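Next come two complexes built around chain A: one with chain B, the other with chain C.
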Partner chain A sequence: MIKTTQWIVVTLVLCLSVSVAFSQGLAPPSNVTAVDTPNDDGSSITIKWDAAVEGSGISGYQILRRIADGELETIGALLPADAATYVDSAIEKGTAYTYIVRAVGETEATVDSEQTPLVEGTGEWFHTGKIPLLIAMLLFSAAILWNIYDARSGKDIFVRRIPGLEAVDEAIGRATEMGRSILYSTGMAGVSGVATIASMTILGQVARRTADYETALRVPCRDPIVLNVVREMVKTAYLEEGRPDAYNEDDIFFITESQFAYAAGVEGMMLREKPAAIFLQGTFYAESLILAETGNSVGAIQIAGTDSEHQLPFFIAACDYTLIGEELYAASAYLSREPMLLGSLRGQDWGKLLIFAAIVLGVVLELSGVSWITTLLQRVS
Partner chain B sequence: MKRQVPLVLCFVFGIVMILTQFSPHSVSQWVYEEVISWVLIIGPFALVLATVTLIQTHTARIRRRTEHWQYSFVVFAGLIIMVLIGIFFTPQNSVFEWLYNNVQLPMDATMFSLLAFFIASAAYRAFRARTFEASLLLITALIVMMGNVPVGDFIWNKVLFWTPWEDGVSWWRQWILDNPNLSARRGIILGVSLGVISQSIRIILGIERSYLGGGD
Partner chain C sequence: MDFWSFIGIWVAAFLTLSIYSVLYRDNPFYRFAEHLFVGVSVGYGIVLSIYQGLVPFALKPLWETVETGAPEGFIKLIPICIGLLFFARLSPRHTWLIRYPIAILIGFGSGIAIPNVLRANIFEQTRGTIAPFAEIAAGTLSGWGIFEAVLMVVGVICTLTYFFFAVEHRGPVKWLSKVGIAFLMIGFGSAFGNTVMGRVALLIQRVDFLLNDWIASIRALF
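Let's look at the complex of A and B:
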């Protein structure tokens, strides 16, 4: 008897809600779909529906979900009336869910959409949105590989003169003549920084020459891993030049990981030892000018190189030579003159040409009112 | 063999790490995070070696009585005090925090503040209008500097009130930053990005192997 009464009450309440909703003209959300969110790791499901038209009386939406045989639960906060999408990121992988979108009227009346079919979040192995990026990467890599392959045939490859790298011998020669040391900083980044690797490559070339000239090469390091790699590199360079006796492990040492304490340490070295040549190669931050200006004040010949574009003006103002951006990466090829490395430089130039052509084409198309290239690039970024 | 194993590892991990950038799958992301955490494991071991070299360097300085050798005692005092307090009383200890906030931070701030003087001396050299380029730099720098301070527009509006532009120096400053400056910066960034990709390909393929300890 009680059950029957409860059933009647629930039915009446439901009928009343529906009638109130319809009396207000509150239509249930239409075209409700729930799909596995594309290009994710399977941790979300996207629910979409047709947005409410103006004057529909809908003040917001509430999303409800349930697992196959479970209870209906409300998720997330009340969405605004103009919302048409909701991403449920609080799902469990491997569990199927079904969703209902509840429209909430201005008078608190509600009306539910139809229940969506069961859907499960699955991770994708390939991000389809990154196809243009992949194509660009493959094209650029192919250009570099082709040029490396081509360079193996022994063709002469022209590389423009880079004054900063031409001056390396001059700087080392000056230090040798003056009987003073050379100070080399690999910058502030760790060993995983590409600029640090480029810097270590230049250091290898510098070490070969200092081994020949018997000039002291001092390398203060900020990163412990860089310290160990640099020691190994310089030691090998001295060995290969037949001067293992000239190698002094104590000349390559750790100062600190703290940015300004490192700057203070290197600055102190510059003022005390007055090196004849200073190399500042790698990634630098605010300490760049502190180091470069101190080096300038002790009268050292300074060759800087960095990919941190914000620090370039400081180096240009305070140093004798500056390797700007990509020149730092070209240094190993330039100094070693190895055909395969030079080939990769030409491949790099092909890439630049490709980008330049895309920019010109984009500008021309935009001026003509066609914006597909801009849209494509925006989508990739 | 000593050279081949690192080259193979470099190739395999280089390719795998590139592929993880194109795959949002949880397995792919797990591989990425796992490899990154291996790098973190190497760090503490290297730090021990680095600390040993720091101690060796300063011990040698004290032994040889090199210039300002007394300061090496300050290095040892700082190292020992911070390490002992950090180990026995944890870095959250009030003494440790006091030393950090009242000794290390002010010293860092002092070094950073020195930049103002270094910028002045570097600017003096760079802005000497001896060539056309230096003169151009001087004029541009003046506009940007004046555009950054309220008095710049005040002067413009008082002196150049007859021009059609109000707050003209701010407008020119913004134009310089948004057009010639941004174009040059983007050009450098493009070159750097291509350089990074090229260098990475050389490293992954084992063409660039000087980081392994030698040029060949």
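Let's look at the complex of A and C:
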């Protein structure tokens, strides 16, 4: 008897809610589709439906999900009425899901869409949206390779004067004359940082000269992997200069990965050892002024270089010479004069020329009401 | 104030003053604080590497594979073995093996970084420089907005000219790059002022700690 009463109550409530929904004119969400999100690693499914029109009485949407034979579960928060897409990123790879979009009315009446077919998240090998970026990179690489080929064929490539790099010999010579060491910091970034790679290439050139002059080169490292690469590079430089006996592995050492502890350690080294020349090349953060100011206070000649634009002002204020941004990347070509690096440098100039042309042409076209360049750049990025 | 809070304030105050003592000159207090700081950070780093790197990315997946015996799980052994090659440095005879993980790491890192740098630092910024001119053409930009858009283009072109390395800076190139350097220095000047203000705020925070917390703890003694 009680069960029958319960059934009657439930049925009445359901009928009432449906009738309320219909009385409000609440239509179920239409054209609901659930597809595997394209160009991802298979960790999401995208659900789409037609957005509610004005005056439809819909105040929001709720997404419901179910595994093949499982229970319906509500996912995510209540979406606004103008939403027409939802990306479910909380799925398990290899599991198929079905979805229902529930329209919620202003009086909290609800109406459900039809259930979507089962869909599974699968990863893609290629991100098709990045093909324009790939083409741009291939063109850029082709320009660099062409210039490298040109440089290797014996053509002389001009590189403009960079004062900070002309001072490298002066700094090493000064340290040699004073019988004091040279301190070289590769910065705070890891081995795959572009500035760290550039810094290590410069270090290779500095090491060649210190091998020649028999000047102590001290390199405190923040990253254990950078430490190993730096040791290899300096050792190779000493070998190539015919001075393997002068190489001392203990001069290249790990301090700590902690930013300010590293700064404190290097600062202490500067104060105690009083190096005659200090190179701060790579990525630096808030510790830049601590290092540069301490180096300045011990009277060292300082050559800094970084692509961290927020730290450049401090280096410019406290160091003798500063390589600004891309000058750091150009430094290795400038110092070594190797055809490969010189060719690469000119290839990069071609890239900059292309940007230059794109800006001028883009401005002219935009003023004429044509948006080709901005559309192209939007697709590429 | 409980006993441990009191000790904590005194240790923090002692280390703060020890670190600031370097402003006078190198001294035993600074050395003590420096070595303690470096030592503690290395120890903390090692524990962090074990619990956030070694255990979740190497030991746990390996153990799960051994437990389930799923043959595809053994593919995880490849990156683990590549990582282990870093330890080849400990053997002078096999030290050359370290070049393989380093080469993989640099190649992988560059491959990830370069497209992102191109997208964020070149394409997006070029588009951002040009985009306001569409608004100028549509007549929706104010006089000040037009001035800003033109100033931006002039600044970008001149600064870009400064970074041409394979071209001699003579004639118009020289003048454009000189204007570019002026733009750079104005930018650096404003960044300098902005960051110094942030650093002063940090100093105020430390001085506030010494004056309020530490001095208050001294008063509490008497």
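Everything below uses one rule, namely that the second predicted complex is superposed on the first by the 251 of 381 C-alpha atoms of A that agree within 3 Å, B and C clash if a C-alpha of one lies under 4 Å from a C-alpha of the other, contacts with A are read in each partner's own complex, and residues count from 1 in each chain.
In this section, a contact is a pair of C-beta atoms (placed from the backbone, for glycine too) under 8 Å apart; a residue touches a chain by one contact, two chains touch by 3 or more.
The structure presented is a predicted model; accordingly, all values stated were derived computationally and were not measured.
**Q** Is A:Val360 in contact with chain B, with chain C, with both, or with neither (first, second, both, neither)?
**A** second
**Q** Report for A:Ile45: first if it touches chain B alone, second if chain C alone, otherwise both or neither.
**A** Touch partners of A:Ile45: none, neither chain B nor chain C.
**Q** First (chain B), second (chain C), both or neither: which does A:His127 touch?
**A** In the superposition, A:His127 touches chain B alone.
**Q** Looking at A:Ile197 after the superposition, I want to know if it touches chain B, chain C, both of them or none. Which is it: first, second, both, neither?
**A** The answer is both, since A:Ile197 touches chain B and chain C.
**Q** Looking at A:Glu240, would you say it contacts chain B, chain C, both, or neither? Reply first, second, both or neither.
**A** In the superposition, A:Glu240 touches chain B alone.
**Q** After lining up the shared chain so the two structures overlap, which partner does A:Leu145 touch, if you call chain B first and chain C second: first, second, both or neither?
**A** first
**Q** Is A:Phe253 touching the first partner chain B, the second partner chain C, both, or neither of them?
**A** first
**Q** Examine A:Leu341 and indicate which partner it touches, taking first as chain B and second as chain C; both and neither are also allowed.
**A** first
**Q** Applying the document's definition of touch, where does A:Asn228 land relative to chain B and chain C: first, second, both, or neither?
**A** So A:Asn228 meets both chain B and chain C here.
**Q** Do any residues of chain A touch both chain B and chain C, and if so, which are they?
**A** 130, 133, 137, 140, 192, 194, 197, 225, 228-229, 232, 255-256, 258, 260-261, 264, 268, 272, 286, 289, 309, 312, 314, 316-317, 324-326, 330, 345, 348, 352, 355
**Q** Considering only the defined contacts, which chain B positions touch chain A in the complex?
**A** Touch list, chain B to chain A: 21-29, 39, 42-43, 46-47, 49-51, 53-54, 56-57, 60, 67-68, 104, 107-108, 111-112, 114-115, 118-119, 121-123, 125-126, 185, 188-192, 194-203, 205, 207-208, 210-211, 213-216.
**Q** Under the touch definition given earlier, write down the residues of chain A that touch chain C in their complex.
**A** Going by the criterion above, the answer is residues 130, 133, 136-137, 140, 157-160, 162, 190-194, 197, 225, 228-229, 232, 255-258, 260-262, 264-265, 267-268, 271-272, 286, 289, 309-310, 312-314, 316-317, 324-327, 330, 333-334, 345-346, 348-349, 352-353, 355-356, 358-360, 362-363, 366-369, 371, 373-374, 377-378, 380-381.
**Q** Spell out the residues on chain C that touch chain A in their complex, using ranges where they run on.
**A** Residues in contact with chain A: 19, 22, 25-26, 30-31, 33-34, 37-38, 40-42, 44-45, 86, 89, 98-99, 102, 105-106, 108-110, 112-115, 117-120, 122-124, 126-127, 129-131, 133-134, 136-137, 153, 156-157, 160-161, 163-169, 184, 187-189, 191-192, 195, 199.
**Q** Quick check: in the complex, which residue numbers of chain A touch chain B?
**A** 39-43, 93, 123-127, 130, 133-134, 137, 140-141, 144-145, 148, 192, 194, 197-198, 200-201, 204-205, 208, 221, 223-225, 227-229, 232-233, 235-237, 240, 250, 252-256, 258-261, 263-264, 268, 272, 286-287, 289-290, 292-293, 307, 309, 312, 314, 316-318, 324-326, 328-330, 332, 336, 340-341, 344-345, 347-348, 351-352, 355
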